[in-house]
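See structure below.
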Amino acid sequence: MSDRLKITLLLLPAMLIIVLLFFGGLAIGLMRSFNYMPVIGLTEPDLSAYFLVFTDREFYLSFLLTFHIAFTSTVISSILAIGAALLLRRNFVGRSIVNFLFQLNLTVPHLVGAIGMLYLFSQSGSFARLAAEWNLIAKPSQFPALVFDPYAIGIILQYIWKEIPFIGVIVLANMQSIGEDYESVARSLGASRWQTFRHVLLPLIFPGVLSASVMVFAFTFGAYEIPALLGANYPAALPVLAYRKYTDVDLAARPEAMAMAIIIAILSAVMIYIYIRYSRRRIRG
Amino acid sequence: MTHVSIKELTKVYPGASEPSLDRLSLEIPTGELTALLGPSGCGKTTTMKMIAGLLDPTSGDVTFDGRSILKDKPENRGVVMVFQNYLLFPYMSVADNIGFGLKMRKMDPAEIKRRVGEMLELVKLPDLGKRKPSALSGGQQQRVALARALIVQPNVLLLDEPLSNLDAHLRFEMRDLIRSLQQEMGITTIFVTHDQEEAVVLADRVALILDGCMKQYDNAEAFYKRPVDEATARFFGGQNFMSGTTRGTVFEASFGQLQLVEGLNQGSGVLTFRPENVLLNGDPSAPNTLEANIADKIYLGTQTRLKLRIGQENVDIITNPSDVEGLSPGDLIRVTLPPQTLWMLTS
Amino acid sequence: MRHLLITTLMASTFAMSSHAAFADTADGDSLIGKPWEEITAAAKGGEVNWFLWGGSDSINQYVSEYIGGILKDKYDITLNRVGLSDTVEGVNIVLGEKEAGVTDKGSVDMIWINGENFRTMKQGGLAFCGYTETLPNNALVNWDNPAIANDFGVPVDGCEVPWSKAQFAFAYDTARTENPPRSIAELIEWVKANPGQFTYPAPPDFNGSVFVRHVFYHAAGGAENLLGPFDQAKYDEVSAKTWQILNDMEPYLWREGKTYPASIAALEQLYANSEVDLTFNYEPAGVGLNIENGTFPPTTQGYGLTDGTIGNTNYTIIPFNSPNKAAALVLQNVLLSGEAQAQKALPDVWGTQPAIEVDRTSDDVQAVFASIKKHPAVVDPKELAKNSLPELQASWISAIEKGWLDNVGK
Amino acid sequence: MSTRKSLITSNLRVLTGLVLITWLILPLIPLAIWSFARGWFFPDLLPKTWSLNAWNYALSDTAGVLDSLWLTIGISLAATVLSILVGVPAGRALGMYKFKGKEIVELMILAPTIVPGIAVVLGIHSVFIFVGLNNTVPGVILVHLVPTLPYMVLVMSGIFANYDASFEAQARSLGASALKTFWYVTLPAIMPGIIVGGLFAFLVSWSQYILTLLIGGGRVVTLPLLLFNFATSGRNDITGAIGMIYILPGIIILLLTARHLSGRSGAVGGFGQI
């Protein structure tokens, strides 16, 4: 068997699934967003759905909110995950517990974390109750609004909770395979601890951090159930908005939902491209 | 210009029962090139990392010109370590790698560029500044690593197995480069190696460390001529050891007497001599000329190794292949052990 | 080997999703008017997929255990209760299937429904209609009652069968609040006097929407003027006043009205944890259940408004493409039976009001109904019914919900 | 470095570690307490009354929680096995061969990790309605492959990049059949990757919400759907019990595979190789 044939056969099943399901799904979504669906008699594509999306003020608010959620969650969890990995790299009392919890946390679904956050941070949640116990607040409304809030703090907290271990495990694996010798070289060449971290370790673990954080960004930008559970009613996150449109009893809203889905896909691809370009220059330049 | 002094340096790793390094003491004069020699795991890299500040010693002290440096941060010691696998930062160009130490000292970029250029000339890689390390050969990477270390003008340079990853023909080139740069800049240099040949060709002085203890600290020749004990002699390729008793200048061996020079250890002990110092078919009247029986003959290309029996003793000798042509196991030959090549080990 | 694995895997996954191929009764029209025995015979051994809001363990238990038990034991029908977060999800499935041309292999056999969702199904041709006379227990239903024959103003026309009646009621904690507001006018004043202690779920939440309609009635000076088909001029006039009232109220709401709870459950949580002082529900019996399951403080008390609260009837509907229509008919008939309606009315089961005429049931069932003691915290349905307001037609409701979103919510 | 200073550093480490531990388990605590609570109102720090009601309900036949648990496990396992069967060959092609268009293939396979699921599932839903895969378990399993497969291929290509195929040649030359070679040589060598990739695939499928909701259409009720239902209906006690049931299988699988996840096995490092 020639290599060419072998490679083709090896790749075929995976490519079939990706092309049919993923790109097929995107393509159908694209067609429907243009009101083009010959099977059900729509043969004249138009841009009306996009027009509706782009003239809706909630869409822009929704985009800003979703971007804020994804960006803030990604940056904070990446930074904290690197810190946690630095901590876990060295031996200390309780390291194995943290290690285990890190991995345990990977197995806990986002939804469970979100519900936990709700019970912890709502105005009558555990922290509010603690505050009341210590006489910091007299009634729930005095506790700061951390869920269903306009700044999506609850959502971001849940993402941070969930993504620190995800990025952390990847970064830790990265650090362990790199070892400490590069840092030793840098120290002996006169770099301080901080310089060693900034100019040597960080660029070395950067590919791992980058790929992990890209996945986190994409996930947090596109997740439905977390903002649906913890988010404010208005504006809703983009995926929630798209889902609402799609399940609107008015069938006319479906092309709008499809248009939003396509816009979400394009936006996340573009933002991730910019992010990769920009951060690569910053970290490795 | 730094005189390095190591005093009773000891390292016990957490959880280990045996020390990895046991009370090592060494004086390394300013500008000298010293080798720490020993098999892997003998504690030589540990020693180096402690000098560089990358490891904390369990006890003991390291002083530079009399001042203890153990409390100094690694970046403030003026010690640069070059690792065996070079560890060039893979995401930086060659020039950026070399300039790294200067950048960390926040030197003006133009000045860094100038000095990097000089350094590239010095290590004979003038045109490779823009390349990535992955595009370099092993020897070139070694030079970049050396340049990266020397550019910060360290007081002390530490080299970890500097020649071991190189092909035979590159070794001498690199040896010459290291020696000339070191002499030129007068940097006190310590390198570690497990290869006695590497130590001998490069170092002014060699410290042999076996089992965490220093055996002998001397110039290279001394390890061949005057090893302190059997382990040291064996490490340097010594094969011939005979038990007996020395009285004055006479050694009483199992097969008879051997003439010695003056000033060797007296009493019962072990006599050693190097295989390459035994003469074949020389003057029969010369002292210490004996009959020997060939037990085996091993052809090694440029040399031939003969395994001989003298009385009950086994003796190995190395000769020029042409000298032993036609001889075969079972033949008798005449060998001479010149008195000035015989050495009594301390017991 | 790999091939074998895939085959086994596919086979096993398909087995997991076995659709009962037998007892396929997708052709509903052929069932209409048939003797009941033939219908139960056709339904025997089959299954029925009932989509209904699944957020109450009491209702889930009643449906799965009590109703499901009867179906299994008496008719050999398997009831699959499919829980929904929102009824619209069920409507949507049917909608999507119709769009895709799935006319006889739909996945939904029955939906618990009323109001806008019913309108969508009826107008979209998504409902199986005209069969109600076929159900023996249809005799218990008083179709002459306009509140039964019209679902939010839309004539039922035999496209659904009533299940329960409900009437909006408020609830408060007697331990926290002494004098809760007893009319919409009082409420508006009360909210201003008690800043941060009141809110309502954002429409289109079912309960938030009905609260807004109460304010709308108040602004219109009564429901009488609003009955009948949608009237744009009337709507513009009344809605302007309504948005004025709600926007004036907004700064005094929970979190200064910057956000609203997304659902009635969220409001009930706020109430339970003293974040707000009042709650309400279209199903007044829920107060009793919520006290019993520990969601509400035991000192909670339900009450009606002096100027009346809106009542409705809720129904079950069979989608046009249900493949198990016979079983769905049997299920509807069981739901309508006096026994099932009485069971549902027990305060520790659910406590909701029957949709049938109790005096048309057997003496035994009437005795059960007579013996029911309402939960002390639940407002007496008879008292509540004295001040019952009608629901508006669904077109009004969509307009009000959209208007709220544009004028108050954003 | 003085010992005093290193003492401070190490105490700092322990302290930060403690904060991290607390933060990691914190959200699970109220969930666990709620599952045993009956009426837990502000400002009570702990419930005044404890009860097993929620657990009784969650474990009863009517609630469907256990059915849902088995269904969810079945779907996730099927999605994992399919991901492995499809992902291992693809990982081999990407990890061991250089070929024209490789970057494009890689990008296509990775695309689902950077394009949110909601963006593709709406279109998939339209197609599935036509082919009758909507509201079915196979349909849900198939759509789960969209997010799980990239992880699997990613991990496996990392593994195969460090894999020496000459072991296979050696085995063949010693007389092993292709199948035996795969079984005795290839499989053990790539097993850590299969375990880690499989674990990730399982977890991704396990926590899938929106894909199941849309494609399953309410007929395929996995645990997250059930949980969301109760979480949004305000039954915190039942939510807590279902939540506990929901996280249990993941923990068990983790305990079985934990040693492969620890950094040194290197399989996780595959994620760094995008």
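Letters A, B, C and D mark the chains as written, and numbering starts fresh at 1 in each.
Keep in mind that, in the parts below, a contact is a pair of C-beta atoms (placed from the backbone, for glycine too) under 8 Å apart; a residue touches a chain by one contact, two chains touch by 3 or more.
What you see is a predicted model, and the numbers here were worked out from it, not measured in a lab.
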Exercise for the section: Find out how few touching-chain steps suffice to connect subunit B with subunit C. Expected result: 2
Completion exercise
Output for shared partners of subunit B and subunit D reads A
Handout entry: Chain whose average C-alpha position is farthest from subunit B's own
Key = C
Completion exercise
More Cb-Cb contact pairs, comparing C-D against A-C, go to C-D
Exercise for the section: Calculate how many whole Å lie between the centre of subunit A and the centre of subunit C, each centre taken as the average of the chain's C-alpha atoms. Expected result: 37
Completion exercise
Between subunit A and subunit B, the Cα-mean centres are separated in Å by 56
Exercise for the section: Compute the distance, rounded to whole Å, between the mean C-alpha positions of subunit A and subunit D. Expected result: 16
Problem - Shared interface positions of subunit C, touching two or more other chains - result: 89, 99-101, 262, 266, 269, 273-275
Problem - Of all residues in subunit D, the ones touching two or more other chains - result: 41-42, 85, 126, 130, 228, 232, 236
Practice task
At least two other chains touched by the same residue of subunit B: list those residues.
Solution key: 73
Completion exercise
Within their complex, subunit A touches subunit B through residues 181-182, 184-192, 195, 199-200, 203-204, 206, 284
Completion exercise
Counting only contacts in the complex, subunit A reaches subunit C at residues 40, 57-58, 122-124, 139-141, 145, 148-150, 232-234, 247, 249, 251
Completion exercise
As the complex stands, subunit B meets subunit A at residues 49, 52-54, 73-77, 79-81, 83, 85, 87, 89-91, 100-101, 103-105, 148-149, 152, 158
Exercise for the section: Give every residue of subunit D touching subunit A within the complex, in rising order. Expected result: 10, 13-14, 16-18, 20-21, 23-31, 34, 41-45, 85-87, 89-90, 92-94, 97, 99, 105, 108-109, 111-124, 126-127, 130, 142-143, 145-146, 149-150, 153, 203, 206-207, 209-210, 214, 224, 227-228, 231-232, 236, 239, 243, 246-247, 250-251, 253-254, 258, 261-264, 266, 268-269, 271-274
Fill in the blank from the handout: Within their complex, subunit D touches subunit C through residues 37-42, 49, 51, 53, 57, 60-64, 71, 74, 78, 81-82, 85, 125-126, 129-130, 132, 134-138, 141, 179, 217-221, 225-226, 228-230, 232-238
